[in-house]
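What follows is a group of structures, each given as structure tokens.
Shared chain: chain A. Partners: chain B in the first complex, chain C in the second.
Now for the complex of A and B:
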């Protein structure tokens, strides 16, 4: 497993603290005034997010959030290289966005870390809950694709945060946490990974609700 | 209104300005007659009957002086004999009286032509005419100007009221076609009511961007625009601009792109052209020139909206800053955070010390004002590039809302329009001590951003490390708090800078440093409309001073809403505004005070050179 586990910095006596790198490829949504989705459409944002799986396990995500725009495609490898997981987001009110999402999944499966965990997220659930006729991608269709491609699947709302926590928790549970015990890691140790620079030793914790 | 020119500008003035090594200020020269050059007389006389008997001298920051004089004869009188000079002691006011006056019809007519006609006599006129008949003491003049301390724009000529009244609604968005409360006719009406439009279309006629209205609504207008432009293109005589009623259309063609500005705000062609050029730079910044050229070389009918997707907000925030009126854009200069020289030096050093290998440029910016710059010896940053960066980070809001750290590929067209650079951006406020992202983002005025630019697209983590080091170092020395406090305090008021001069606002641009400074906007100018009126006045002054063949150095304008003074030398550009009753003597005195202040504070107000590696 090429988990790019950072230094499992211990926090407290029993708490295992694991760092993972995660790629959040956010397909560019059609700008929708109703949607409060933050516009990280230019370049990429680097964020950290910690969630507690249980009393002794904290997972720290290091997240690259990109809009997945065509013109910045040459930058994408930097974001998904060594990533443990990726969330590919499409817009359930736009059927073309699922096609783009599929293309990204393909690229990730071909180019990224072979054990990368990929989650497919159909966003803008809040819009569809309010106006069911706005849905353009049936849940079953996307779910079938996700199963076939071996992806985690959620329909989410970035606006109401529906299923967002669940999505990240599901990813965290699937991550090979066992390998991230303090015994196994030293700073810089990344089986099969390419160093991206001194990410180790970062002790910053970003809390708050996930806003992706 | 009067316009005048100083007699003799010392040519060494600009050379003496370099790198802080300038001789100490010269002592004031004794009063001496100016020796005006012979000027061609115009056949016709100016039509406004306002002139002045005072000759004032503006003291340049380097100690030299320029005279500021006009003839007193009325426009009707064709009287070539010099008027008797006032003999009262205006040096008591800080000015040097000069022996002779002369007629300056050229400049007179210039200012008459360029300023909107004033139908009623401005407040200043009375005092001038009175002074002509019965000489008044400086004390009287001082008293007069104080008793009439009317703020600029308290009175408005009727013809302007209507335009500015609708400016309140300028930035309100037009409802889209799905809004059932609106029909197309009403939406079009609303679209037409906007005072300023920017449109971008391809030479094939494909719409690319419009500030107002969705493209469905204005498709036909775009078509008309394209037809008109193409007609002239076809005739090998490109259309540059035209006027319809009170609306000015200016067109810029850049390769396969047409840029159109439609303005009822009275900006000059060259100002509108500069704005359109900035929009073009924004597009280049997203795509780079080779990519843009390729797209259209391969498929001339390409819809450029797709490649530009996501940057519409940048174009709009850029366009809106032009429409609101931005001193930075008008002057083509940047504003710095005022800091003690030793502090700035120390911040620069901390910044330089932490420098990562792949760094090209490093900037610390607080509240949209530059705190520190580090750069390679051979390169300096171009203001138009910085304008794009500042617009992206501080005006459009998209980046800041994303939170965290950002890695943004962008092309800086003035630096190199052929390739991308990579920009690391971190807003310090977003990573407060307790690491909880704050939902109520601090206002732009107190945000500190660290911007690190590298040509290496893989250098994110190196620059991230550098940021950590810089912040640690700045925190250790207390500089971070200092920067925060200074940014929070804001700009000094005009009253603090030049007390008792009635100058309400000014712009001072140091041409060598390509930077400007200004006082805080008082409550008088804080509303959207009054700010626009102030900026319109500045933009008129600026246009007059920079009009081709004008060769103006000093311009004093009086209207019933405000008096203003523009003063341009090779070293600086200075524009100031005061209430309509402020006499010219008081205004000139104020200008001198500001000038002395700017000279004294030069190394605090401006970044001179920055940190070089």
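Now for the complex of A and C:
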């Protein structure tokens, strides 16, 4: 298939590194929240997160934030392509937000690799811990849906980082670490590809090998 | 949520996610301008999109019109677009008075689209629709192109996987004994010497030509060609170098000329670009192709940069233009009746020009890998994902017609492009439109399969024709605001750096006096995006 799943890894003597592409879909509802989110993550369009599963296994996530393109259902195919895992983040203080999350889970299941691992994360746990009456989506309801749809499920706080590590670890444990392919280098430099990196010195090379 | 779109005046509203608008989105991505980027289609890339087979089927239905409805001479007609709005086809005289209405999903740039599917396509290996990504307007990008420099300086290149474009071949019918064959074009001194298919005397002539082209801008060489700059390149090659037919075909193929009559001036520039591009980014190749659908991928990366910079993206959203409001801003109505305001509206010209040529394209999915075409001939060269096959004017068997013939080009894409599953290839054939072009493209496809003796089945075919708008961007004042319309993509088979000028022009328009040209597309890495793969070493 065109979207060849691309987990990539290398094995050292006793260590194993694996890198996976993760699509982070954060549902943003209210304008001011959207804006404050943007400010805090601007520049975070291409984050990485590294998880050590055990002494010999390290998993690195290449995190593709959708940068708000999901807001009007306008996500580009490049996000889905080769994605090994996805985290769909809804807001436990917004009652409609779980429904929107469900719609995106469906979309991911339709567009992405069939073996994509999807996690559902109910965010703003810190807010609810402080003011329990702010909760609009009961944990049991979301958990029941996640079980039914075969998703990992956590309630998290991006602010205090509560359960964030746990979320990534749970995803890492479900990934096919044993089927990893050849070692992967950075984007734009994959085997068989062409690197545009060393663009300096182009002038001195003008004419290339053919300066007939 | 829609209401929030109306609350503010956008610094710019862009309509269409083809390469030009998407590069503009990239250029504006660090500007703090409020950008709303729309597309009437439900896919990115507009005229340069790459589509799954399901999307191709729908696209072909929407572009099945024959020329009648889009006669270039019918300059005063109106037609309904898919949103049911009347699309006024403007003439230059009307430009000032007719309200501009933009971008239904139908445009007159593409037409006569037809899909053909092998009756036993599934049995012969046609995979599921999303396993394919067919480029509507595939172009190779010479390594010397300014586009690559801009992608590097803007840091956007890191999100694109570039693949090497490999050998160029010339088709010849051959004699009865040998049958049709593909001859690889040598493109360096070493290559010319080691090639066995050219006799020694011809090698010397060919070397002379290559040497001349490399140095063609020097005063000495200019005195040879400048006074005849507008004559056909092929005539010059005969008169000045006594170059024989098959080598002439090779030289012409390097220019990717669609009418076979490229002028001396343009031809020399094209061959010079070809030769001096070899080796710039690695040994053995002169051009690159972005994985997963070519230019479409760069458009997506541009839009992604726009979104990361705070731009709002909406697909599937046609827009029409209303009267300027009291503050002189442009008002736009989205398909869902939401009304928005902007001081700059950036869109694409949708109406083809009367003087434009039209090209015919045939895209074929074939269950064969053509491995011999993808061999490399330079040490350390990456395995190419794209090769070029040229069918010179008059080279095809049943070409013997009274009308003058034009060359046909085939880009053969391996599954490394991500455009088809492993074990298959996508072949993109292009020629200038003639009354016979649909038939001729099929003939060329069959000839290619015969020449490679590939026991291949054609599983799926898409035929269509592509025209162009006027070649200049249009700038129209509306109240105190401005409408800027990009020209449609050029029909060339290699990316044309000329189209980057309009992007910079639009950027200046939106940035007004705030910038100096040096700042165009010059960005630092965003935090968290720099290379940190070293932890793996």
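Just so it is clear, the second predicted complex is superposed on the first by the 142 of 212 C-alpha atoms of A that agree within 3 Å, B and C clash if a C-alpha of one lies under 4 Å from a C-alpha of the other, contacts with A are read in each partner's own complex, and residues count from 1 in each chain.
The rule we apply is simple: contacts are C-beta pairs under 8 Å (C-beta built on N, C-alpha and C of every residue); 3 or more make two chains touch, one makes a residue touch a chain.
Values in this document were obtained by computation on a predicted structure and should not be read as measured data.
Q: Looking at the overlay, what does A:47 touch: chain B (first), chain C (second), both, or neither?
A: Both: A:47 reaches chain B and chain C.
Q: Of the partners chain B and chain C, which touch A:69 in the superposed model: first, second, both, neither?
A: The answer is both, since A:69 touches chain B and chain C.
Q: Going by the contact rule stated at the top, is it chain B or chain C that touches a larger number of residues on chain A?
A: Touching more residues of chain A than the other partner does is C.
Q: Which partner does A:132 reach: the first (chain B), the second (chain C), both, or neither?
A: Neither partner.
Q: Jot down the residues of chain A that show up as touching in both complexes, chain B in one and chain C in the other.
A: Touching chain B and chain C on chain A: residues 31, 38, 42-48, 65, 67, 69, 71-72, 74, 78, 196, 198-199, 205-208, 211.
Q: State the interface residues of chain A toward chain B in the complex, per the touch definition above.
A: Those residues of chain A that touch chain B are 28, 31, 38-48, 63, 65, 67, 69-72, 74-75, 78, 196-199, 204-208, 211.
Q: Under the stated contact criterion, what part of chain C meets chain A in this complex?
A: Residues of chain C touching chain A: 1, 4, 43-44, 127-128, 130-133, 148-149, 151-152, 157-164, 187-190, 207, 210-211, 214, 275-283, 285, 288, 291-292, 297, 300-301, 303-304, 307-310, 312-317, 378, 382-383, 385, 416, 418-421, 526-529, 531-533, 535-536.
Q: Spell out the residues on chain A that touch chain C in their complex, using ranges where they run on.
A: So the residues of chain A in touch with chain C come to 1-4, 10, 17, 29, 31, 38, 42-48, 50, 60, 65-69, 71-74, 76-78, 81, 111, 183, 185-188, 190, 192-196, 198-199, 202, 205-212.
Q: Which residues of chain B touch chain A in their complex?
A: Result: residues 286-287, 291, 306-307, 309-314, 392, 398-399, 401-410, 423, 431, 435-437, 457-458, 460-462, 464-465 of chain B touch chain A.
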